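Below, each structure is written out as structure tokens.
Each of the two complexes below includes chain A, the first together with chain B, the second together with chain C.
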Partner chain A sequence: MKKNIKFISLLLSLIIVFIILLKGLNVSKDYSNEKLNSKIDFSFKVKKLFNDEVINIEDLFNQEDLSVVNIWASWCVPCKDEHPNLMQLKDMNIKVVGINYKDNPKNAKNFLNLLGNPYSEIITDKDGTKSIEFGAIGVPETIVINGKTKSIIKKFIGPLSNENIIEIKSLINEKT
Partner chain B sequence: MKKPKFINLILIFILIFKTSYANELNSQVDQITKNLRCLICQGQSVYDSQSDFAISMKTVVKNKLDEGKEEKEIYEYLKNKYGEWIVYEPELNQNTFLLWLIPLILFIFGGLLITRKVSIK
Partner chain C sequence: MSNYFGNYSLYIALIASIYLIIKSYIDTNINIKNLNKNLVLITSVQTVMIIISFISLVVAFIISDFSNETVFNNSHTLKPLFYKISGSWGNHEGSLLLWLLVLSVFLYIFLLKSSSQNIKYRLLTLLFQQIIISGFLIFILLTSNPFNTVFPIPSEGLGLNPILQDPALAIHPPILYFGYVGTSIIFSTSLAAVVAGNIGDSWAKHIKSWVLVSWIFLTIGILLGSIWAYYELGWGGFWFWDPVENVSLMPWFCLTALLHTVIVLEKRNLFKEWTIILSITTFSLSMSGTFLVRSGILNSIHTFANDPSRGIFILSFLFVLVIMSVTIFFFNQKKLTSTIKNSFIISKETAILVNNWFMMFFLSVVLVGTIYPIFLEVLNGSKISVGPPFYHNLLIPFLIPFLVFMSFGPSLKWIKDKLKKFEYNLLIIFLASILISYFILINTEKKFLLSVPLIILSFYLLLVTINDFFNKKSSLSQKISHFGFSLLITSILLNGLFSNEFNANMKVGEERKFNDKVIKLNSVNVRDIDNYKSLKANFEIKNQNSFIQLSPEVRIYQQPFTITSEADIKTTLFSDNFLVFNILKDDGYYNVRYQYKPVMIWIWISTILISIGGLLSLIKKNEKKY
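Let's look at the complex of A and B:
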């Protein structure tokens, strides 16, 4: 009898552990925040790269429509790779707000003089805290924001590919 | 001109107050960042990491504490940006209740087994 109880309790606990592990197999292991629909607090101030003017971040974004934000730096090699794709967005008349991440303003300006400026406005982020407001983890990163709901609707971590450009274009066309 | 003694005393008090505030703030930043996962490093907390992301995160936590935000509010703010994954200690909810309950059940079960064995002897 005692042996039976021991055996049954061992079997039961094994079954429980098995079920838990089996359930765990189906849980998504994707911990990236790419699909996270997070809200942005638009109440902070930022400094423009070219004229040092301090403005409210809210003024940079379309309150009724989608906006595109790109986080970049002159020292970041993948940013150079995605630059022609950002220029493509400019040619399509899509406004992109640039956030210059932990960069030397002089180097940033040289970078744009050399490769072209795809941004409608550029703000500086000397200590990386502004990028955290946008839920970024590094450079380059591109974020599509819904100005009406003040939330992030799409995030592209890493350099933008041609497919990403098409996706951004269709997202914006869908809305307008 | 000689400075009156009480001015020196006030200055010393201000200095002591400022240093103790800075120390308290730093220890609070350390405590919070130890519970935050560095999303671009492997197996490191924000406190341990020296990556650009972790350094910025430490500044954000410090700024939020300076603004008078509570520890819980800072976690909520970061969870909104990065998801629950950013915090090491998972909160008790529908998805995590087993995680919290199983050790407790095992502890009680084990305790009962031990007491039963001891009483039999």
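Let's look at the complex of A and C:
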């Protein structure tokens, strides 16, 4: 009897693991917007990259509208690939908040001096924890945030392509 | 043409598999004296069919037969021959065919080598192994057939990922697969032995060589993978705790535990149940590895196929096998009670048990770090990233008791040993290791509380294992493996503590200072080679007493368009100088990353030593055991 209980409980836990992994397979790796309506905690403070000024993260975002956040680092090669596309966003007057991920500030500044600065504001994330608040899993990553509902509405993992830029533009324009 | 051969021989192999499952099942239920000759014959036919199928694929790759979809997607006429061949298993379909090939070849070798064993046990092993083979055959034929055709026939292929064009990587997957698939034999034989009721010392002796073979291949496979990551990925490290790397490390922990447990079973007829549990777990972990890598459920640098139907199939198949083995284990458990002999706390048995606890702890940490993000995402949709700090914080503190334990555990005697009288030898060794560590740590700022005992203990263990070569308490194979292991730990610690890195954007002719060194970029030469464009840089690194020239390279491939960085690494016995550069944009600036990595080469050497120990134990099976 005791053995049967052991057996059945083992079997049940195996089945649970099976179901979870099966569900895991169906989790889209594209991160479409329906799945990402989770709220972000905007109550933490952050430091700016250029002048070490400490501000509330909330102040960086448009409370009534959408904001674009880009997570990058000077050591990240794909970030260089997407850089011209970010400059395009700047030319379209779309504000992008940069999060400088686990980077050496000096290298980060060199990077921007060399390639141009597409960001309206840059905050530092020396230990990578700020990026986790945004649900980031790596660099580069671009997130579109709704300031009103404090939720992520769109997430781009990896370097932004031209199509992504068009999508971001249409998202922003749709709202305004 | 080769498409037809390859395809139809797989179908024949499947029919053979079904026949063998039915026939061996029937035969286990009747009393027969000898293994039916047909069974061996059909198994050899099946093996030959799978070999034909594999060769067909390799031929298709060599002659660039683009009517084959796999070849079209993964090859190109401009590829060097060596990489055309390695390309045949560098993709999803081909790698599964390789899995299948090794599965059937290993089964055939098992049948040839096991003629002295109990007939029911051999039949059951055949049965379980054929269940695995048929599962893989169905999987290949349904979802990943390497012989799908393309019409009209394209004139050129889509290319092999240039990052996979590396000799270490070309042989890395097959070696790793030998290790993974070897565990399938361990799995099948343990289940067979459970049902047949012949778990004991003679079975342990018989299965030990399979455990050793899988363990050696897995060790070398992991080594090659990390050599590839170090030289090709150009990230300047040898282990990144990437999920795909973890997936090969987990069965290794389990197999290492099994390797030790099986010796206890052989010598003392103890730990029967535990051996079976380890065998089942090892294979399940190898299969989960295949599942995690091939289903695309993980986000990793090794991006593989992303077809959910494949994932569902492997997952279901994995669970069928696991549930089957758990059921068999539970309902035959009464056959497994160990004949209780006297055991004492201070004995080799206990020492090996403690070794197993450590292995299981390391395994759980890696398992949680790899699987938990998937679970969490399913359960509440949150995403976390588990990186090196997680593993380091959880594993490194536990290295301290592990090192202490490993310094005396292996030299204990079977059954009962006394805590030895105070040995002056060991005291001298201990003082020596404190002294060495003092001189190593004195000139650095890295005086963390944790690193001091770690360095002292790793040197202590290193000296103890060297000292062990002069006594007769253990076999030579064990001495070499344990020495290799302590060397590995010491090298990893020194490497981790004293590596440093320089990172900057530089122009040709520019000079930068870094610690006591001066780094200068002399020139960058552009050339066209075979199937890529090469940018070769020339750097010099100077300090008071040394001068090194390094020439890293950037390769621009057109098919498909990829840029890879070939790091230049100058290796000496004491340190590696690692330099890699990247194109920023067309304004003459390059991103330069220079790393100084002490005792790098000893990490490879020690891992090779560990495997040599295993190899020696395999060859000298009759060597006198202590």
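For the reader, a short list of remarks on this structure follows.
The definition used in the following text is that the second predicted complex is superposed on the first by the 141 of 176 C-alpha atoms of A that agree within 3 Å, B and C clash if a C-alpha of one lies under 4 Å from a C-alpha of the other, contacts with A are read in each partner's own complex, and residues count from 1 in each chain.
Everything below uses one rule, namely that contacts are C-beta pairs under 8 Å (C-beta built on N, C-alpha and C of every residue); 3 or more make two chains touch, one makes a residue touch a chain.
What you see is a predicted model, and the numbers here were worked out from it, not measured in a lab.
Residue contacts after overlaying the shared chain place A:Asn104 against chain C, while chain B stays out of touching range.
Which of chain B and chain C touches more residues of chain A is settled by the count: it is C.
Within the superposed three-chain model, A:Thr129 lies in touch with chain B and out of touch with chain C [touch as defined at top].
Of the two partner chains placed by the overlay, chain B and chain C both lie in contact with A:Ile20.
Overlaid on A, the two complexes show chain B and chain C touching the same residues of chain A, namely 20, 38, 128, 132, 135, 137-138.
For chain C in complex with chain A, the residues that touch the partner chain are 291, 295-297, 299, 306, 308, 311-312, 315-316, 319, 322-323, 326-327, 330, 333, 374-375, 377-379, 381-385, 387, 503-505, 582, 584-585, 587, 589, 591, 593.
Looking at the complex, you find that chain A touches chain B at residues 20, 31, 33, 36, 38-39, 102, 127-129, 131-133, 135, 137-138.
Contact residues of chain B toward chain A in the complex are 39-40, 52-53, 55-57, 59-60, 63, 80-83, 85, 98.
Note for the complex: chain A touches chain C at residues 3, 6-7, 10-11, 14, 18, 20-27, 29, 35, 38, 74-75, 77, 80, 104, 107, 110-111, 114-115, 128, 132, 135-138.
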